Structure formats: structure tokens, C-alpha cells
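Encoded as C-alpha cells, the structure appears first; notes follow it.
Chain IDs A, B and C follow the sequence of writing; residue 1 opens each chain.
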Amino acid sequence: MLGRTAANLFWLSRYVERAENMARLLEVGYRMSLTSRREGGASEHLVSMMQAAEVDEGFDAKHDVADVDTVAHYMMFDPDNPNSVYSCLMAARTNARSVRTAITTDMWESMNGAWLEFSQIKPRDVRGAKLLGLLQWVKQRSHEFRGALLGTILRDDGFSFLQTGNFVERADNTARILDMKYYVLLPRATQVGGDLDIQQWTLILRAASAHRAYRHVYHDRYKAHNIADFLILRPEMPRSLVYCANFVQQNLDSLAKLYGRKEKCQEAADSLLALVEGASMEAIFTDGLHEFLNEFIARNNRVTDALSESYNFY
Amino acid sequence: MGEKTPFDEMYNPDGSVREPYRALSEWLAEQPDKALALMQTDAEAIFRRLGITFAVYGSDEGTEKVIPFDVIPRIIAANEWRRLSKGIEQRVKALNAFLYDIYHRQEILKAGRVPEKLILNNEAFCPQMMGLEPAKGVYAHIIGVDIVRVGPDEFYVLEDNLRTPSGVSYMLEDREAMMLLAPDLFHRSKVAPVETYPENLRRTLESVAPDSVRGTPNIAVLTPGIYNSAYFEHSFLADQMGAQLCEGPDLFVDGGKVYMRTTTGPEQVDVIYRRIDDDYLDPLTFRPDSMLGVPGLFDAYRAGNVTLVNAPGTGIADDKAVYTYVPDIIEFYLGEKALLQNVPTYNCTDDDQRAWVLENIHDLVVKEVHGSGGYGMMVGPTATKAMHAEFRKKIEARPDNYIVQPTLNLSTCPTHISGDVAPRHVDLRPYVLVGDEVRITPGGLTRVALKKGSLVVNSSQGGGTKDTWVLED
Amino acid sequence: MRIEIDHSLTCSLPPGTAQLVMHLLLTPGSGPTQSVDSWSVEVAGIGNAGRFRDGFGNAAHLVNQSRPEGDLAIGVRGVVTTQDTNGVLGKPAGEPVAALYRRVTPLTKAPVTLYGKYRTTKESRLDVLHGLMARVGETLGLPAEPAPEAQMQATGEQVQSQKAEAAPELPPAADFVHLYIGAARALDIPARFVCGYLAPDDEIEGGLHAWAEAYDDGLGWIGFDPRYQLCPTERYVRLAVGLDAESALPLRTVPVGEVTQKARVTAA
């Protein structure tokens, strides 16, 4: 397989996942802005959401006011925002187009169909309730693509690159959401959160599609400790850091088996997994949650760099 | 000429149906109202979903169009095809012999059968190719021959495409779509398959691998990238024949050989079906500013370590000015009369002919010698007076830059036009593969001018395509 | 005459060059006017170079380097024994048809004033070719005393000679050759660019040089040096031929860099 093809597959998957995450974050921000009763509260929620998505600086450079319309447009349609759903879908499709021969027709049709439909949408038609519908659509198209991927593609090296891209991106997303809000997760004298805390916790859980699953796992009210544990260390949570790290490590392992050789990227994935596997929340809190998350993000980035180096991405 | 009724491929002048179209005619009569319109909509969706699109030059990046597909097939009888394919085979053999000669001893120039200056001072002539021995002596391996029909037995070759002819993916996908849309029509007819093309392409490419290759040659398709108008075709063909689709940066030379960069290290490439123009193929030999090519590729080719398909410099044989000499070329190398006729072509550098051309320009077709794709072309009968005047001036200024031909009354085929069936003008591009043997796919790509009365079939100018059926005996 | 050549080339590369690919025409062939006694081209990567004949019959090398460090340096050394043939090369085997060299290139265009009078002449081809050489000299300037150093610089565009500081302002040798070739081709006479070495004598400093060859149906190829107004002698060593300076460049590279070169040529 060409090094460029491997790179295209990896990024194709990352961008699909990123589009989905952006839609999820925007949904959370939108919901929270609707429920805010305080003056200026809606705007604060949206800004806080954009911080988690790391698009706040770009937004500030273009807009003075953060309201639902400006934020939704920036997150969904703005080509100047490299992480807007528009930019992600376009990048995903461009990558898919470059590797037409390495993906299945079902994957291509799903990707191409999503892009064609999305590019027909006129931003001014997407307001209010229609916004939620569109966000739902983005998530569904992402699921459809993943379904096509899992259902049709050969389990060869291409599959490993696709899956690695998917979970490297997801790990990055979860880690960033946690890091942006880490202060509301820190242990404190009282375990009972105020309204503001509950709102922030809800944001975090919803952004990871984890608000219902949380109840299944903990049978408990929202607690900072549990939330951090759920998104970092729970192996059954498909967006947790440990789950993603495990997945990346396994995928790269099977790649090493296929190619008959271990490369730098396998070491990087081992090191990523070592950080979260067997860790305890107590130890993480003791050493600093923020420091821990930064280390995770750095090691996760190292996986991408090492991958590019090991398999001749360019 | 424009006044005469064109030859209709389905109906005789008395209204009866020509034999090859009998099954189609019955099938059409059985179709309920709106059936064709529905098929048309389905077809459009199929093509768009599969991503069979082309980019239109000059329009915004990212605007991709689906070439209109007409749901009514164009049908050629077995005996008609036999004649055509013999003529085509003769033509491509002669053109390859011509290429070999002008890049070696240039006997045809010495004999004065083709003017020396026309070749040697032609931009399409590639001096770097001199003395090179291509595998099997073949220069143009993949050829599209544009043919028009004006009567029951009258076919003309409009032009030869020996550089990187495109459109073969449409031929294949049109067939695929037609089988999905009208399976019952296929049951009633014995249609020669076109699906063999990718396999034949692969065989052809393998047959021209360098002699040093042991085992199965490693084949790559070299594309300028996803923004090229024919990118779909490049990926489609690579996929269909199981070759690697590469862009320039995927390839590099080392020790005089060509390699691709793979996840497990360099892998040597033996045959490159390149869809990049000569000028951009190798910045070391051709345009130094090319970002699309592979530095050193041409030298590796000269060193005999890789085969380029088609060879650089084949454009000299499909130059519009050389075209007029093709009948002489056939006679010179094969000692036979040309089986397929050229369109009569006027030479504007001749004073008498030019005078006649300028007087009758409203009846004639003027083509720029180096133009293609319908650009730089004027169709007299449909052009405005202002355009006539403009082209008169152009011809007077540079008579050698234009060729002039009579307006051919292209044959028409029944075509679906918003719910109705109406005759529209068509041409035909059969695809020919030349390697260890000549392989011609039955049929080819039929292009149809969807505008009523229009004679311009190019997709960039509002043309569509049809599935082309060659009936078997 | 036994001639020793020591030719060094350097090429400055853009910083961070990952892949360097070069096309070398630095290997002279033996023929009627010269036989190569020994020759070596030293450059990293020459060991597994692609070796082939180019379209003009020159021995060429395709050499590549990964992540070259610093500037590219090439050292060429060799000994060639020459014979004086009054400039006549004849019709060596293995060359493309002479007619090829009637092709006009952007660099080889001559004004009609230069060759016009020969269009209807009754003179022999040989006389025409000598006449053209004189006309080119009159147009661009005749050699003065002492002759300037003929050191050439290949910039990737064309070969230029650097003038010695005190020498009169004469255009580079390649300009003479291009004008000469252009005029000959305009008269339908095949003519080609020759890149080679010139051994010094009392008047000429020698070094890398360029001259022309034109074709006579009887004699074959004949050398003409319009820069020094003579037919090549035993002091001339042929290195490479082409349609013009560009196609006979001793060194082409991707990425393109600035080439400086110096040839020390010694007649033994």
C-alpha cells in the first residue's frame, strides 16, 4: 500500500469522527444555551462549548457576538473554520477521493452521498429546530460511514489505518473536552455539586454521548469523580481514554503482525496505553488531572507522528 | 450540406425500422408513459452516487457535473462493426509504424511522403525520443479513434487520439447502468461485451513491460490527482485492473529505476500507464516547473527500466496537420489503401484552397491545429456572422494554424429528450489497445449532441453519452 | 595530442532538499577526432546510476541522492587523445539522423539579414558554412587579443561564459553557436550544438567551451567555432551534442540550483 494511501485512510477516518464530534459539541452548546435563564448565560455556554472544541479563537477573530446563529454557522458551515463540519466533511471526502481504489464502493457512496447532501444545504435554512435535525443527520451519516466500513472493508492494513485514525481522533476529542473542564471535576470538600457544576457535568457527558450510559454504569447521581473515571478509565465506555488507547494499540499491533515488524508507532501506542491502563483516579488526581490529560494528548499526538514516520505518510 | 436530412441510424427514409434497431424499437413501443423519464432520473442518481463526475475547466473548483447519460442505446450491426474494426486496426498499426520511423531513420520524411518540417518543427515531436526502442516497438498503446457516420456505408475518421485518450470509463459505466436500467432489453439482444476492457488493458500493459522483468510486472496508473477532470477514470481503471493509483510524489527514481513509496518501503514499478501530459511527466527532462511529474522518470525510461504508456511524443501522430497524411502513412508502411476514410481537409497554406475556404466559411468547420475538446473550433452553419468574420481573420493571419473541413452531416440516433424520443447527432470513439496484439473493444463511447441540430458532441459543450451496442451474429 | 581534463562542478541546492535527481552529460565518447584513454566521474550515487544513451547519442547518467548534505559537488577527470581532422567528424555510427538537427528551438533563431544572401547562392555548402561563421563573427564580435577565458556557467537556462575581467566585452560562446546554428537551420542545413573542452595555447586560455557542427551530405559532420573563427583542431575535445545549449547541458538537476564549474584543460 502506498504511504500516501495509508495517510489518506487514516485522515479520512479522523475527519469523519471529527465532524461527528463537532456536531455533538454544537448540540450540547445549543441545548445549554436554550436552558440558560441568566442574562448572557446562553452566550457563555456557547463560548465554553467552543473552547472545548478549540475553535473559540478563530471565532473571536470573525465575530463580536456569540449567539446561536453565529456560533452554529461557524461550527457547521464556515470554510474558514478548519474544524467546521463543512471543512471536516470536505477534507474527509477529499481523502476518500484520493483513495477511491482502497475503500469499498459502500464507503465511498456513504461519504460522497453525505458530502453531496451537505453541500446542498443552505445555511440560512438551518435555524432553530432544524439545527438539531441537521446535527442528528451529521451523526447518523458518521454512523452510516462507520457501518459501511465495518461491514464491507477487507481486514487488511487499510482497515488498521482507518480504525487507528478513528480512535486517535476520538481519544483526542475526549481528552480535550475533559481538559477544558477539568476544574469542575477536581475533588473538593463537598461531593455535592451546585447547579453550575451539574450543568458543566452534563455538558461533558453529553459531549461524549455518555449521559445515559453513566446511569447504567454508576446507578448514581452525577459525581465529579465518577465522571472523570467514566471518561478516562472505564474500559466498557467506547469514548473513554483507556478504550481508545487500547483500540489504537491493538490495531497497530495487528499492523505490526501483518508487516512482520514493529515500528516506532507501536512503541508510541504502547506508551499511550501504559499511561491509562491500570491507573487509578486517586493517583491521577494526586499527580494533577490537567497534567495527566496534557501528557495523554502529547502521547496521542506522538502516535500520529510515529505512524507517519513508520509507514511513510507524506 | 446542412440542408440535407441526416442519416438516421434507426429509421429508413420510408419510416421503417433498420434491422439492428428492431428489438429496441419494439421495446420502446412497450414502454409506458414516463418510463424513460424515470429511467433517466435513476441513471442520474446512479452516476452521481458512484462519483462519476467530471470537472468543467474554468468553473469553480469543486463544481462537478455528471455527464448526461441517454437511456436509449446506440446500436451497430455485426457486419458494420467488422468493417470498422478492420479499418481501425489498420490505422493504429500504421500510426505505430510511423512513430517508430520518425523516431528512428525517418524514411517517410526522406521519401518526401510527409513534409519534414511538419514533423521536425512540430511542438508535438519529442527529440528526446530519438533512437529509443520501446517494448514490442509500440508507442501508442491506448488509442481512441473518433469516427462519424454520414450514411449506411459511409464512415469517416474525424481524429485519432494517441496521447492519453479519456472516456473509456464512461463506456464501461454506461453499459453497467444500462444493464441495471433495462435488463429486459438485454435479454432480447445479443450484445458484444465491453466488460473485458480492464482485463485486456492489463494484458496489454503486462505485454509491454521491460524485458528485464521476471514474473508479473508491477503496474501503476499515474494521475495528476483528484482535481483532474478525468480523475474518476484514473481511479476506476486502476481499481478495475488491480493496479496501484499513484500521483507524482508517490513515485521516485533510485539507481535508474522507478519505485513507489509504500508503507513497507520502496517497491519497483515496471509499467506506468500515465495520464499526465508529456510536458508535465518529468521536470528533469520536460517542464522544470512541473509539480505533477516524477523527476528522472524519462531517464529511467530511456535506461530501459520502466515502460511508459503511451510513450512520450506520440502526439506527433495525432496532430491535426499530420492527420491529413494518414492515408499516405497507411500506404507507405502497410502497402494497403486506407480502409477508413479521412474527412476531406482543406489546406489553408495553399492560396487557391484558402481563397475558397474564406468564401465558403459559413458552410465549413474550422479547427485549431493544436486545439482539443471542442475549444478553438467554429462550426460554420451554426456560427454567427461575426464569428465567420473573426475566423476569416484568424485564418488569414495564421493559415498553418487551422484545418478546415466540410460540415459533416453526422448521423442521428433516437435520444430521450424530456419524455419524448427525438433524433440527435452522434459520433463514436472506439478504444483500441496495442501491445503483443491489437485489441479493440466492440463499440466504444457514443457521444450525443443533446441540443437540437447541434453537431458538437463534446461533454464540455453540452454533449452526453450513450451505451453503444455491437450486435453479435 | 594528449589532453588532460580536470573539470569540477558545484551546484547550490535549496535548503532541506530531500531528493536530488540529476542528469549528467559528462562522459565523452571516442570517435574519428578523439579517443578516450581514461575517464572518471565522481559524485555520490554514481555507483548505481542509470546509464543510457540520450536522444542525441550522448552517454548519460541518471544519478540521485537522498537528503544531500550541503552543495552538490562533481569531479570529472580524464585523458583524451585527439587527432586533427580539419574539423571533419564524418558520419559516426549510433547517432540520430542528421535531419533531426534542422529542428528550430527557441534558442536557435537567427535574423534573416544574417543568412539571407545564402538562400540563392551557388556556393558549395562548405563555403556557405564558412561564410556563415564569418557573418556570425561580424555580428557578435571577432576575437580580440588576448582572448577571454571561456569559462562557462550553466544556470539551468543556458550556457554562458564568464568574461575575464580585462577582456573586451564579447557575448558568451553559446550565443555565437546559437546564432550560427539558427542561420544554418534556416538554410535547411542540419547543425548542432557541441559542448566540450578546449586546450589552451598562446592566445586562447582554454577550458569549457561550446562550438557548432554542421552537416554536409558528402563529408558528414564538420565542426565550426564561430567564437574563435576556426574549425576545431586537435585542441578540441567533444563532450556532448544537442539541439542547443539546453539539450547539451553537462548537468541538469531537480531541484534546480545554481551551477558553477571550472575545467582545467592541459595539453601534454
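To be clear about the criterion, a residue touches a chain if its C-beta (ideal position, glycine included) is under 8 Å from a C-beta of that chain, and two chains touch if they have at least 3 such contacts.
Since the structure is predicted, the reported quantities are computational estimates derived from the model, not experimental observations.
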Farthest-lying chain, centroid of Cα atoms versus that of subunit C: A
Chains linked by the largest number of contacting C-beta pairs: B-C
Rounded Å distance, subunit B centre to subunit C centre (Cα mean): 42
Intercentroid distance (Cα basis), subunit B paired with subunit A, Å: 47
Geometric centre distance via CA averages, subunit C-subunit A, whole Å: 63
Shared-contact residues (touching 2 or more other chains) in subunit B: none
Subunit B-facing residues of subunit A, complex: 1-4, 6, 94, 97-98, 100-101, 105, 108-109, 112-113, 116, 157, 259, 311-312, 314
Residues of subunit C that touch subunit B when the two form their complex: 19, 21-23, 48-57, 60, 62, 64, 96-97, 99-100, 102-104, 156, 243, 247, 252-254, 256
Subunit A-touching residues of subunit B, taken from the complex the two chains share: 48-51, 225-226, 231-232, 235-236, 238-239, 244-247, 249-250, 260-265
Contact footprint of subunit C on subunit B as seen in their complex: 104-106, 109-110, 116-117, 120-121, 125, 127-132, 252-257, 283-285, 288, 295-296, 299-300, 302-305
